[in-house]
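Order of writing sets the chain letters: A, B, C and D. Residues in each chain are counted from 1.
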Amino acid sequence: MSGTLGRVRADLLALVPDLGTWWYAVALGPLLLAAVLLLAAGRRAAPPGHRVLHRGSMVAAGLSALGVAGVALDRPVLEASWIPSLGVSFSLRPDGLSVPLLLLTALAGVVATALHLHPGREPRPEPVDLADTDPTSPIPVVRGEDVPGLATYHACLLVVLLGALVAFLAGDAILFFVGLELVLVPMWVLVARYGDPGSDREGAALRFLLVTVVASSLVLLGILAVATATGSTDLALWAGEGGASLGRGSQLAVAAVLLVGLGLKTPVFPLHTWLPWVHATAPTAGSVLLAAVLLKLGTYGMVRLVVPVVPEGFAAWSPLLAGLGVTGIVWASLVCLVERDLKRLIAWSSVAHLGFVVLGLATGTQAGLQAALFGNVAHGLVSALLFVVVGGLKHRWGSADLGRRRAAVREVAPRLGLALVLGMAASSGLPGLAVFWGEIGSLLAAWSPAADRPEGWFRGFAVVAALGGALAVAYTVRVLREVWAGDRVEPRVPDAVLTERTALRLLGVLVLVLGLVPTLLLGVTAPFVEGVLGR
Amino acid sequence: MIRPALPYLLAAVLAGLGVYGILARRHAVLVLIGVELVLGAAGLVLVTVAQTGAAGDPGAAVLTLFVITIAAAEVVLALAVLLALFRARGHVDLHAELDAHGEEEVRGRA
Amino acid sequence: MPDLPDVTWSDLQLPSLPLPHLPAPDLWGSPAHWAILATLLAALAGLGLTGRSNRLAAWVGVGGALLAFLATCWQLYTLTQIEGARRGAGTIGALPLGDLDAPLRLLVTWPLAIVAVTVAAVALVVQGYARWYLWYDPRYRPFAATVSLFTSAMLLVVLSDDLLLTLVGWEVMGWCSYLLVGHQSTRSAATRAASKALLVTRTADVGFVLGLLVLVAGAGTTRTTDVVRHWAEAGPSPALTAAMVLLVVGVAGKSALFPFQDWLPDAMEGPTPASALIHAATMVAAGTVVLAQLFPLLSVSGPARLLLAVLACVTMVGAAVLAFAQGDLKRLLAWSTVSQVALMLAVLAAATMGTGPDAALQHLVAHAWFKALLFLTTGWLGVLVGGTAMALMASGARRYRVLRHRFGWGLLALAGVPPFVGFFSKEAILGTAEAGTAATGGGFVPVLVLASVGATAPLTAAYCMRAWLVLSRPTAAQGHARLYEPDPVERIDDFFDEPQVVQEAEGVERAEAAISSSARMGTSALMLMTLFGGVVLLLPVWGPQAHVDLQLMAATLLLMVVSALLVRLAAGGVRTRDAAARIPAGVSLAAERGLHADLAYRVVVVTPVLALARAVAWFDAEVLDSWVRGAGVGSRLLGRVGDLTSPRRATPALALVLAGMLALAALGVVTA
Amino acid sequence: MTLEVDLSSVLPVLAPLAAAVLLLLMDAALPGRREPHLVVGALGLAAGLVAALPGLRLAVGEARSSFCLAGGWCAYRADHLVSALQVCALGAALVVLVLTWRDWSAPGPGAGAETTGRAPVVTALLLAATAGVVAVPAAGDLGSLLVALELATLPTVALVALVRTTWAADRRARAVDGAVALLTTSLVSFGLLALGAALWVAATGSTRFDGATRAEHPELLVLAAVLLVAGLAFKVSAVPFHAWTPVTYAAAPLPVTAYLATVSKVAALGGLVVVVRALGTVEGTTLVAVAVLAGASMTVGNLVALVQQDTVRLLAWSTVAQAGWVLLPLASLSAQAASAAGSYLVVYVTATLLAFVVLAAVVALGVQARPASLEAQRGLLRSHPWLALPLMLALLTLAGLPPAVAGVVAKVVALRPVLGDETWWLALVAAVNIALGLAVYLRWVAVLVAPAPRRQAGGVTAGQGEAGTGDQAAAAAAPAGDRRRVPVRLWALTGLLTALLVAGSILPVGAL
């Protein structure tokens, strides 16, 4: 059985052309090219119609997804001297840690570019009559339409993808940092210009930008401290040294700075307040990218820059980190029980999921790290799925306020309803769907953490986290009761259109597959984890 | 060979006087004189150092000449600018508002 | 009193007759794989591929269940061919979790194989029945798919040899119960009941998960057999006790033991096939299966057994009493389920390593058959008379002769009257409990269990009698009974086509009075099993067993007869022949509301949690976030101040320069 | 004692001076002409630039020196870093000259009847100041340092004051105000500088910066160093010596402002580098003063820039903040730190020049009253994308955010020495200031990308010399409403500087 599968896999792989480092051209080139073209097109007096722009950026994202797949298969290594005077090299070096995130980014890119952008309109008027059936409320447009600045919007999406891919591919700390920063400005434009006009979108965008810039500045400090200590910016070399060239004090300081910075990006509990607002304001595609890509940069940075590089410092901070992660789980889940805005609620739930990820990281065991990496990807898929659904609903409803009585989604938009149930079930940790394995793995690891971690504390954290799991089910049930179930069919909203259906199918199938066969992903990350913690 | 303490003390007094003049005087020319006093103090220190032989090279004495020359040049330019100021504003009062534009801009905002 | 002969169970057991060696076709995987995968794929296909066609969905659902049933039967045969009658199988391969071993394997042993057959059989019947029952339901497809998924999850729990897989099946069942109970999501009652079911069970599952964590962390592996071996060798320890206590809490939630009992009666809001599935073979019984798998650990940790015994006994007796007072037949059956499941768990608490847990599994099997039969028949009658309230059900068994035997045998089996299957399983339970008493020399737990089982038997008999009296009330007495002329129920022989009756002008009422041959066949099969299922319980494959104390047997039978007679007396003179009518209204009302457990849940759990949530949300918005907001505002304010105070005159600027110089000089000299 | 003179190596300084003298003579020969003088000035600067270029190829340790004594000490010593600074200064001066070309070559009132030849004077002043700037980093002893520094400072005061006679009276008065602010500060700073020099001599007993500075009294030496730094810091407009910056920047003509913001800084940094290098050879001396200056400058500068409404003032305060960044590496006295500061300065100068050039172009469009105000540039990306994009690039470079990788690398370079010796407090201050600075520049960028407002035609009201430059006054003279074109020279400069920044973003040079 497995033998035949292996043979089939081998035959398929044999079909893949061996482009070597040219895969990078396929992966990154289209994004850059299309972004530039779109920007130029947007500058023209009469920009092309939405079909052209939409298809163009979808094609670019698709091509780069192909390239990323090729990179994931071949894993070519590209080394080129970039800033000789600083010893910085332009090196792209995918490994077991980055490949899943690369694929996730490519997928998120396809999904994000596929979704239609709609001009933000004022919330639909609250129906007056008690039955809440107001036939006058217009049925919102859910197909593609011409939006001012659409070209710039797609260009920003593609640049975000480009930056994320560079960051995930980078084998050099400075290059990683450049990628990390490259995503900021386009994301800022996305939120500030295409966000929900109902809320203060400039404010949200500025908040996002400043918080993340403070974060990346701290990351830069940490990177430079390690770079000056080791005399190199090669990440592989850092991981190899394992902090040998830093004293304990320096390790503590560097780990603290890096963890605070990356914790802001992830976000970890007390530093999370920017996330719900930005998520609630950003356009749907922006939320998808934010949840599936940008937040991943934070966790990826922790695994890349902290765990192997300053192990002693990380071990020293990990109890605090785990405590904050667990607090975040319960905290966010509790807020979800009373949150009024659906999109904010989903954002909160991702704070909870990332709490599990951080908990797994902090345990310092292979099981914990595996679970964290799995949970990372799983959260990316699930929250992308949920944001596609919820963003669509918000556009259809005119607002995501749960306080207003609406038509039951199961009645009027069964496809969206199914996707919503799937996503919420997954996000509440239903086994057989992706998130479960990350969460249970984190719990298992937290119950028996690494030798240098305080076992008692971590067991307490595990108990609290388990309670958080129950709370997750509670808010899931709440959402389904208020949005999905019910007998009202007015005001009517259209069901998912083709692009949404495609995106939801893609994400849903992946959530299911990863949930049923977690070894697919765990097998990819296992060698890396072995290499990091096997020592 | 005189003791260096006295000249240093005198230099300190000069510098202090100069600073006082700079801070206390409204009239630009008097402020200018304050600056000259400070420069004088510097020159005095230099000469003293040169004389007490603390310096191995004659540079110290030469430096004094440099300072004096530059001070002269400065005074020329300063007087020219002050003349222009007097033409433009009718006074050479350094307590006067220099940045009215910015002031009203700030007021307009606040 | 004459000295009765001492009969041991093995005396009753059938001789193991040698089976012929069939040529086994070389299939991929093991029957366990087939059973689980068939239903799982049926679920996925039912959701994904059937498009809008109910017919295709029905084929898929029933086909999956049928395949699973055949696979489990085949599995029985393979077990007879294997030495030691244990068959393991891998699934998706071990999880690479570093030093933590997670093989994710399956394992089949005899008792569990029989349980699996039962589950598959009940699922098959339910699928066929649902096709008829939900004929006009626009949401039949998701329902069928969910039932398939539910079956698959239960089979996984039964066959898993890995605590993680057990957890998977366990949680999936919880979610499926949510979807099934809330099937009619337009009715707020259904949605509420579904949410309640999921929340209560999931809350209790926290204990389950933590228990698993402790076990796994101690053993370093998630493989059940290794976990059991490790802890059994380690002997009793605080960690083991804690783990088992937590597990018991989780089981109590799923199996609706006190104090989690209240979700189960509410779950009656779901369609009857769903209730049959949930109550008979799957969810509520899962706890029994898991504890049976971990029995060696349970038996050595006293506190866990004590907890389990107390909860189970309280629930057993209390639920039986409440069942008697219900005004709705479905709710009566629901409470009886609570009571019967508590019975299974109680015997687990009472059993010793000597007797083994098999009595619980036997009762599980028996209960699956007669309870499924009762539910399906009740649903059938409910469709006919338009409701399941006792008043509507009155004299149903008289009006529709076809239901008479189904109800009668089911209730007899439930009451445990020989020769019905319930009798054997209850005897096994009594024997096991008594053996436990003997083994522990009158330990508290077995005695408690024995006593409460003894007390439950007559109570069960009582409410069965009550139900039967109401159902079989003569119709001639009532005028309104003339509305329904007792004509024979028509049959639909076309299996999957819409009944012809619908096109006739008779209207929906008569059409619904018809039942498809498949559903009828299924109930008939169940009926037969309630009668002859005792044979299965007497197969020689069940583990070590206890003596059968004939005195005890006689005593219980006597008690049952007495209570039945009492009920008959009480029923006399009541128009509906409903003995419960003697109960004061207040009491029966409270009983129907489950003694207001809802209120307790709300006060104890819901309200505090929500209050905490509001507090947290406020704190987050007003305190945590204020720092970030303050940073923005503060920097602008500082900037404004700096702008206003930056010198615009020459002299202040010079003063600033000199002051700065002084400060720097001082700093420099100090730090030099 | 013999003094060996190597003219070729001094040429970067001599060429501008010679040009200045030449064009003064020309003015005497043929008065009333303007273009030739400017051409000569430009040629002089170009010659100096070309002469400084070979210094870039110097390896570590070797230098082009002149006025050397037998002992090996030289009064003029230009190594790789110094040559780079010289190239930067000369190039920037050249850019400024081209920027101000039309202003200076324009006739006075009565169309050329202006008898006082302004063009030769200002050009000569520009050349002289540039020569001073070029000489400062190469200074080998206190004397040449002081002379070069004042040569670099005093002409700029005159440049600020000498505005066109065609401007409105109050506008010219404001220019004089700006000159006074600069003058007074520079006078006092020179006083401090002289005192510092005296104390230095008293402490070390020598006026020369030959490799081995011996200190009999370290405290005295540090005090002297602090005074020298304080004297130099006003020129880099570091807090608290910055008070003149907003006043003068807002008052001076735009090109002169650009000159002050770029070329003068080179002189200041050059002086600081000289002092720091001299101190670096002394054991156990630290300059916390520089660290404090850096931290204070970037914080105050960014905070105040956050609330500015006028782009020129915003740039003024941003130069204050950037001064902090330039000083940042110097907090750790080392050769690496000096070159790091130099590298950051180069990037800063390029970006700031680009910003000023685009600003000049916008002003030249003169579509609104006070075109230098932030509001006037709303929606520039829509109306003039090819002006807005370079401006955005420049601002992002200053903010240090991709896609302007050059800025990121500059920040990296500037931060490295600080983290090298792990002065975390300063590093954290810098980190916070990255965010603050981003807020500052993105405020501007946001205005640029924002949808354009309704343009009221004829928003230009003549005569009120509100706006910052002479071009604006000329714009006021133009009939209202017509879209005037951006001069070709501005396009050329924009293209050149943008190309530099883009190249630096694709292949960053890193540290010099």
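Note that a contact is a pair of C-beta atoms (placed from the backbone, for glycine too) under 8 Å apart; a residue touches a chain by one contact, two chains touch by 3 or more.
Note that the coordinates shown come from a computational prediction; the quantities given were computed from them, not determined experimentally.
When each chain is reduced to the mean of its CA atoms, the one lying nearest the mean of all protein CA atoms is A. More contacting C-beta pairs link the chains of B-D than the other of the two pairs B-D and B-C. Separating the centre of chain B from that of chain D, both taken as means of CA atoms, is a distance of 24 Å.
In whole angstrom, the spacing between the mean C-alpha positions of chain B and chain C is 95.
Inter-chain spacing, taken between the CA centroids of chain C and chain D, is 80 Å. Here the CA centre of chain A is 37 Å from the CA centre of chain C.
Touching two or more other chains at once are residues 22, 28, 31, 94, 98-99, 102, 109 of chain B.
Residue positions of chain C touching 2 or more other chains: 640, 643, 648, 650, 654, 658.
Looking at chain A, one finds that residues 206, 210 touch two or more other chains. Taken together, the chains touch in the following pairs: A-C, A-D, B-C, B-D, C-D. The touching residues of chain D, when paired with chain C in their complex, are 180-181, 184-185, 188-189, 192, 218-219, 222-223, 225-227, 229-230, 234, 239-241, 243-244, 246-247, 285-289, 292-293, 300, 303-308, 436, 439. Within the complex formed with chain C, the chain B residues making contact are 19, 22-23, 26, 28, 31, 94-99, 102-103, 106, 109-110. Taken together, the chain D residues at the contact with chain B in this complex read 141-143, 146-147, 150, 154, 157-158, 161, 169, 172-174, 176-181, 183-184, 187-188, 190-192, 194-195, 197-199, 201-202, 205-208, 246-247, 250-251, 307, 309-310, 313. Interface residues of chain A facing chain D in the complex, by the touch rule stated above, are 43, 82-86, 88, 159, 163, 174, 177-178, 181-182, 184-185, 188-189, 192-193, 202, 206, 209-210, 213-214, 217-218, 220-221, 224-225, 227-228, 250, 253, 257. Within the complex, the chain C residues that touch chain D are 635-636, 638-640, 642-643, 646-648, 650, 652-654, 656-661, 663-665, 667-669, 671-672.
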